[in-house]
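The first chain written gets the first letter, and so on, giving A, B and C; residue counts start at 1 in each chain.
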């Protein structure tokens, strides 16, 4: 990257890092939710974040995907600084996410919505191959309220993966799934996640985490968290 | 064709433009009480260009489209932060501000022995282009209706396009749209500008047809009616707003014995209808399911 | 002296705007809904009063009570038909449009009750008070007092009674109020009824001061109430009172300085500016922020 002196300092996070979030804190109306969180991801890294309810796991995911603005801190994807950019810029840059309760439109078929996410021919091709190997094809002409939840969870992941993102965040994918369904979802992830895509799962089902992640860290209330290049 | 019938149909066509413009704003998830402002701008611009400057009707309508779009874009930029109720009220204030300003705009000239131009509360009279060029009422109806059909055809063609589907997504679930990299602001601004263009065009035709316009014609009632038609009809198809127009003007105007009690019946019916079909008659869900049943799939 | 006189007139008118704004703020603060039929409810109450007055012959106080009762009943009707069925969060727009439809309906009923365009609305005959060169109309002073009393009564109801506690709890969070045993749907009905009563008082004050009524009164009072609420701060009750007084002051001063035809323009310009620059109004910034946050919550 050329030296751009007028840009805010950005720390060199070790050449290969794909996503970094440095010194982030956030409080809501005087209540501190996050203090000094740093998170650095290498391409293809699979990270699990766990912790009790209310320690700010969801807040962290919302900040990392741009849906909340941190009070201070710094977020970047490769060389691109995203700190004060809107959420859609995060998504365009290659940071995708899923939601605790799956989000689909009520009045479009699943197929239409997946096509909507994949706009370029390359994305279409990867979408087609994902669909072929996942067994979702029969659900394409259906509406979201006619498709069972395990299928919707997979569809949401496919919607994110179709654009070949740099980082994929999963927000509590176990919500509403039975143990068997969760296990199957884990298999699905193992099979379809591209090598280069970094994955962050926020979740408290440890069996699932050990299945899909290489490293699980636990968040505690108001204790800083440093994950990544500094050897955590 | 019966002259009365022709003028009722023309009025329906003109109000349909307003309803469609309200529909376009609703698609991106906002409610506007101010579409009459763009209708009004279109009317005044067309009147000025054709009667005052003596230009061809095409230029007049083009000016109406551009003027409506630019003003709508301006309003959209000013209210970028606002949504929901706050946006709705600010559009209403914008429209009323415009209307009150028109009360003070006087710019008349003597052309062929007639006072032409905006004249404050008296309005703009003698917009005689269609008479000077020997258009009968039915001819004008044909012109307006074909413009409406072209617009509807355009919207229908785009109905399943990425653009429209994304706009619907922005309207229904802006969070989902953002998570897929679509900027709600851009879609909102674009559609508000588009709605301004459509309303402006309708207003231009209105001025030509009516030959006289005045600020009092463009009150809140006009805009809210357009909005109500779009909501009764539903957002599932561009035909929805038209359905609303036909229901109100067409059906109730034709039963003229009811005229005095028309609003008593219609108001109650609309409120009841919304209890049972809160998303309007042709709601997106209904239309999507019908489309699937008829086997027009794309995937 | 002129400035003082204008300000005093402004405050007198502003007190009625405050009541109108308060009715809107009550509904919006608690249910996050806009009742477009509000003015039409007042118009209906007043039209009913004028229609019944020759039959009953109760004079000005009769008008007062029938106006109030009619407005409250109409408001409760609007709640049942337009707001109760759309109580989910996504129903805000639908409810607003349904209330617009009922506005049309009530408007039409009122104009059937009032066949001529203008009807006399009997006021209270009270002498004008003079303080040096400044004058206050006796009836306006009484109205000001009535507005004050209404506001105090509303305050007592909301802050000193159990019902008020439940209403305020619902305003903060309908879900938790429901868990605490508040019958939220019924509270909605109560709130609309209360708003109708407040509006009825305001309608009587305005109409008897003017001495006549036209069918345009419905639209007019909806506008004044909405504007007072927005200037003061959406959802804040105190804000609505302050907003009403400010609206009265701005109107009379703008009217005096620029002429009557610029008065409404100044008002709408002010509201537009408030919305663009400070959407929460004077005192509703917190409500605005929490609403926005709730909307954007993932």
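Keep this in mind: a residue touches a chain if its C-beta (ideal position, glycine included) is under 8 Å from a C-beta of that chain, and two chains touch if they have at least 3 such contacts.
Note that this is a predicted model, so its numbers are computed, not measured.
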Label of the chain whose CA centroid is most distant from the centroid of subunit C: A
Busiest interface, counted in C-beta pairs: B-C
Euclidean distance of C-alpha centroids - subunit A vs subunit B, Å: 42
CA centroid of subunit A to CA centroid of subunit C, Å: 48
Intercentroid distance (Cα basis), subunit C paired with subunit B, Å: 30
Multi-partner residues of subunit C (at least 2 other chains): 296, 298
Multi-chain contact residues (two or more partners), subunit A: 67, 99
Shared interface positions of subunit B, touching two or more other chains: 175
In the complex, subunit B residues that touch subunit A: 160, 162, 165-166, 168-169, 172-173, 175-185, 236, 283-285, 287-289, 292, 297-299
Subunit B contact footprint on subunit C (complex, rising order): 28, 34, 36, 81-82, 85-86, 91-94, 96-109, 112, 219, 226, 230, 234, 261-262, 264-265, 268-269, 271-272, 275-276, 279, 288, 291-292, 295-296, 298
Parts of subunit B lying in touch with subunit C, wherever the complex brings them together: 31, 78-79, 81-86, 88-90, 93-94, 96-97, 100-101, 103-104, 174-175, 220-221, 224, 227-228, 231-232, 260-264, 266-272, 274-275, 278-279
Contact set on subunit A toward subunit B in their complex: 65-67, 86-89, 91-92, 96-97, 99, 103-109, 111-112, 115-117, 119, 140-141, 143, 159, 163
